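Two complexes follow with chain A in common, the first pairing it with chain B and the second with chain C.
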Partner chain A sequence: MREIKHALFFMSPGLIMIAIFVITPIIGTLYISFVTDNGIGLDNYAAVISESSPDKALIKLEDMPRPPPWGALIHNFVWIAIHLPLTTFLGLILAYMLKMVYGRSIVKSIMFIGMVIPMVIGGLIIRFMFDKYIGIVPRLFGFLGITMLDKTWTSYPDTALLSLILGSIWLWTGFSLTIHAAAIDSLPQSYIEAAKIDGASTWQIFYKVVAPSVRSATLTVVVMTMLWDLKIFDIVYAATKGGPGGSSTVLALVMWLYFARALDYGRAAATAIILTLLTLVPATIFIKRVVKRSA
Partner chain B sequence: MLWQEVKTLKETGAPGKVTLVVYGPWSGKEEEYFRAVINEYMKEHPDIEIKYVVMRAEDLATVMPAQFAAGISSADVIITPWAWWIVEMAKKGYVEEVTGLINEDEYVSGIVDKVKWDGKLWGVPFTMWLKPGFWYRKSFFQQHGLQEPKTWDEFMSLLDKLKNIEGVKNPIVTGDSVGWPISDIVEHFIITFGGTDLQLKLIKGEVKFNDPQVKQIFENYIVPLIKNGYFSEPIEWTTAVSKWWNGEYGLYFMGTWITGMVDDPNDLGFFPLPGCKGVVGGADYAFVPKFAAHKEEALDFLKFLATKGQEIHAAQPAGKIPTWTKVPEDKLWGPMQQVYRKIKELNLAILPDLDDSVGGDWQTLFWDQLKLLWVEPDKLDEVLNTLTENFPSS
Partner chain C sequence: MTSVRPYSEVVIHGWWTPSAHISFENYVEVLENPLYDLSRGYMNSFIITIPSTIIPLIIAAMMAYGFSRFSFPLKNYLFVLILFIMAVPQQTMVIPLFFMMKSFGLLDQLAGLILIHSAWGIAWITFFMKNYFSMLPKEIEEAARVDGASYLTIFFRIVLPVSLPAIASAAAIQFTWVWSDFFFALMFIYSPDKMVITQKVVTIKGEYHIDWGLLTAGSILAMLPPLLIYVFLQKYYLRGMIGWASGKG
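This part shows the complex of A and B:
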């Protein structure tokens, strides 16, 4: 009993802060999301889900197949589908390869730059990276004679979303690399030595010994990346503002549009709740895993 | 007692002085030009200190409503080009009414109306910019024997000549940002080929964007120019200034603030599309939040901004003209006097900016859809229908 009292005493400042700055705004947002001109109801949710305007639609899949816009929610899922596996795999393989070379700390530091620069700046860098006149990517394609990609990617609906996703791989791979590098460094050297004695090649050691041994780190990267992809905003805001023609919009940007441009706080709150519910899925998986591991 | 002293110091900034916090959209050189106005006011009012904070319209819209809802305001005076936003805030009871603070008859026609609601005035206009047409370098035109066009055919011939000049990538450079440079071009075509009335009717929602008279302007003039490569693809608008100035493009459709962005404003010339009868103008507006800490002083500064402050600002190389008609023309910055005189000679009516007037999220949609049209002109019908379907109902 005395221990519980002590625990409560020491936890109380944190609990009070959480109650004021986390719980209260969540309850407030939840409340606002149900308030409409006609009283309390689901109108805001219905309006957000059924919105058809290309810059605010969540799902827009008529006349498929065609280039974006496909709706903000779909764009988020496309982001996850491309960004998540590439970032995770790149981080893992780079971490493994760097273990075998000198100067890996320098390379890791360079890779980590993407993580430390503000995402708004990251968005601007992406915009310039894919600019026809000064960007390296269109110039590279121009040099290779692929003229259809020698253009400002962020200005065209068929390439805008892809340019943001590819750019974000550069920004986020440092995270995957750091987590995986820490996990690989902590592996007992004997595992790898034993595999070498058995005649395993570098590649076999990687996918039969290293990759399975760092599963926990990979799961952390997967869950954190999924969360990052779902709540992505800054990059899109700085690089394309969701355009052209709504082809690169994402959920968080839709929420911002309702909030800061339409001044429609009910719909902004409803979008925020939808976004929160979606992020709860990977967050719950992660928490369960952590609890299971510590039990 | 000590607490009282601390409180007084905190509120006033320095003993005996009142500190007014002013939020405005200008940074860099533009901030310098606005600081000239602030400095003059502080010279006239030694008991007032003004702290200027850069806060763009979109940042204001994100931050301030939450403060207002909580009954506080971190600024005493707020300046923004979004008149619609001031009105929206006024409707929620967040803005101090300023009816009677200025003589509304002394302002450019229609400019005050944008901050009126319920028959009352909620903000005051500051200086304005104009978007008079296509800018060119006089020396470049001279070098290549080019002249301002007087007819549409001459305009097309000029574009063809520009296209054939070595080193010119496209005759007209398209500025890119959130989308307003393209909307300015489109509005100019609407005014030229649809008349000043059409611009006003589109703003009021009396004519739809998919109306045949609007559609034919796009189909006959804008889309062919895009398809035939007369316009460049959108290029970040400040980068576009230097590219155009260096001769990579012949013409640039931009507002009068461009006069303050080039190395030699005396080498600048402009022409509207032949037959154009109107020019879009927009102003910055200042208002006092209901919860301002120093309301009385803020209102006095507001009055200064709307009157003498405009004279000071218009004398700066900011590319602005006063909305207060009491400022004599010779008080304007030299290059702007020439621009202003030409606009008067051409007898161009000053019209409200379409997207600024409608505002809200439709403005963002308008910009974004036009950016889409610029790279995929075949989607004209889709763009016009989207703009029509999403136009605010009231």
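This part shows the complex of A and C:
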């Protein structure tokens, strides 16, 4: 009994804050998402999913072979499909290479700047790097004679989403690098030494010894990156606001459009809940792993 | 480079060309021109970020201590709830919060945003500190208990002082995240004189015309505080990042 009293003393400020400002609003959002003109129901969800205007559509596949807009939900999935494997792998291989290469602190610093700066600034930098007149990427393509890509990427539907995804690789690889570097540092040196004595090449050591033994770190990176890709907002808002013509919009931005532009709280809430349901996939993996480890 | 050169020069010659025209005019303008008023945004960001780092740290450290030293009913469920909150998107809570803040008279108030950031930070800091506390040896605390010290004394006199490295890590990350936040600010602050730095920087970018000199100057100013934290507290920052993601301090 006394123990419960002490626990209550230490926990109550935090529990009260969380109950009022986190849990109550989450339940509130769930409730608002079901409130419609004709009582409680799924109308908001149906409306949000079947919405076809390009700036708010979640799924818009009729134009599929042609460039975006494909709908915010699909854009989020494209984001995961490109960004997740690339950042995870780049971070892993950089973490391995940086252990042996000179000048690693410079490379590391450049990678970490992306992780440390506000994501809004990240979005503006993407806008900058892909600008026809001052950006480095279009210049490069112009120099190579590929005039099709010598343009302001963020202003055209066929390149806007791609420029955001490619730019965000730099912004998030620092995270993958950090987690993988810590895991590689904690590997027993004898592992790598033994492989070296057996005559394994640097590349063989990487994919036969190092990569498999940091699997747990890789899974952490995958889970957190998936969450990051689903929640993406600031970058898109700052660089393109989802445009042009909805070609780079994402779920979080659609939620904000319903809330702040359309003042349609029911649909904004339904969009937020759909986003939350998606995050439950990586969230469940994360929770299970942590609980298993602390048990 | 673009931030220290006049706009006309950047557009005509490109920012990479060598030039004698280096000036800090763009910096002065974004800070002082009332149209951008970045100095105000800077102030507001500091006013919000500092308490939003300290308040959740104290509350979450207490909660983490409760988790790691006492047993009580529903403890495991509460811990799962903490983990769940860490994964939930901000979008899931802002609509009811918006109306809640409105009825408290805290909408468009810096104090309201501080409350929201503080509550939002508690979950991950609790998770992080709990892992640290559970690694600490318990003998000293038990000895103090025998000497008749209260749990509160033990917490503030023994546990917190030896946890300074973990506190520094959590503070470095929480500061960076609150400073960098854009979505909460966008939802709860709309008066130009109360906007934070991230909101201010976005307003420099016009709809069609972009003055890259001003925008880059503003961007560099906005990223400076988190960058300095990273440079000077690198060890703590990285440990915080690893602890947040994997629970290993």
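Here is the rule we use: the second predicted complex is superposed on the first by the 278 of 295 C-alpha atoms of A that agree within 3 Å, B and C clash if a C-alpha of one lies under 4 Å from a C-alpha of the other, contacts with A are read in each partner's own complex, and residues count from 1 in each chain.
Note that in this section contacts are C-beta pairs under 8 Å (C-beta built on N, C-alpha and C of every residue); 3 or more make two chains touch, one makes a residue touch a chain.
None of the values given here were measured: they were computed from a predicted structure.
**Q** Aligned on chain A, chain B and chain C: do they clash or fit?
**A** clash
**Q** With the two complexes superposed on chain A, say which partner A:Y133 touches: chain B (first), chain C (second), both, or neither.
**A** The answer is both, since A:Y133 touches chain B and chain C.
**Q** Just checking: does A:D37 make contact with chain B only, chain C only, both, or neither of them? Give me first, second, both or neither.
**A** Neither partner.
**Q** According to the contact criterion defined above, which of chain B and chain C contacts more residues of chain A?
**A** Result: the larger residue contact count on chain A belongs to C.
**Q** Pick one for A:G245: touches chain B only (first), chain C only (second), both, or neither.
**A** first
**Q** Quick one: is A:R261 in contact with chain B, with chain C, with both, or with neither? Answer first, second, both or neither.
**A** In the superposition, A:R261 contacts chain B only.
**Q** Looking at A:A7, would you say it contacts chain B, chain C, both, or neither? Reply first, second, both or neither.
**A** Only chain C; A:A7 stays clear of chain B.
**Q** Could you tell me if A:D198 is touching chain B, chain C, both of them or neither one (first, second, both, neither)?
**A** neither
**Q** Across the two complexes, what residues of chain A are contacted by chain B and by chain C?
**A** On chain A, the residues that contact chain B in one structure and chain C in the other are 127, 131, 133, 256, 259-260, 265.
**Q** Going by the contact rule at the top, pick out the chain B residues touching chain A in the complex.
**A** 58, 61-62, 65, 85, 88, 176, 178-179, 233-236, 360-361, 363-365, 367-369, 371-372, 374-376, 379, 383, 386, 389-390
**Q** Mind listing the chain A positions that touch chain B in their complex?
**A** Residue list for chain A touching chain B: 52-56, 127, 131-133, 151-152, 155-157, 241-247, 256-263, 265.
**Q** Which residues of chain C touch chain A once you look at their complex with the stated criterion?
**A** Within the complex, chain C touches chain A at residues 2, 10-11, 14-15, 59-60, 62-63, 65-67, 70-73, 76, 78-81, 83-98, 100, 115-116, 118-120, 122-123, 126-127, 131, 134, 151-152, 155, 176, 179-183, 186-187, 198, 201-202, 205, 210, 212, 215-216, 219, 222-223, 226-227, 229-230, 237-238, 241-242, 245-248.
**Q** Mind listing the chain A positions that touch chain C in their complex?
**A** Residues 3-4, 6-11, 13-15, 17-18, 20-26, 28-29, 32, 112-113, 115-121, 124-125, 127-128, 131, 133-134, 175, 178-179, 182, 217, 220-221, 224, 227, 230-231, 233-234, 237-238, 252, 255-256, 259-260, 265, 268-269, 271-273, 275-276, 279-280, 282-283, 286-287, 290-291, 293-294 of chain A touch chain C in their complex.
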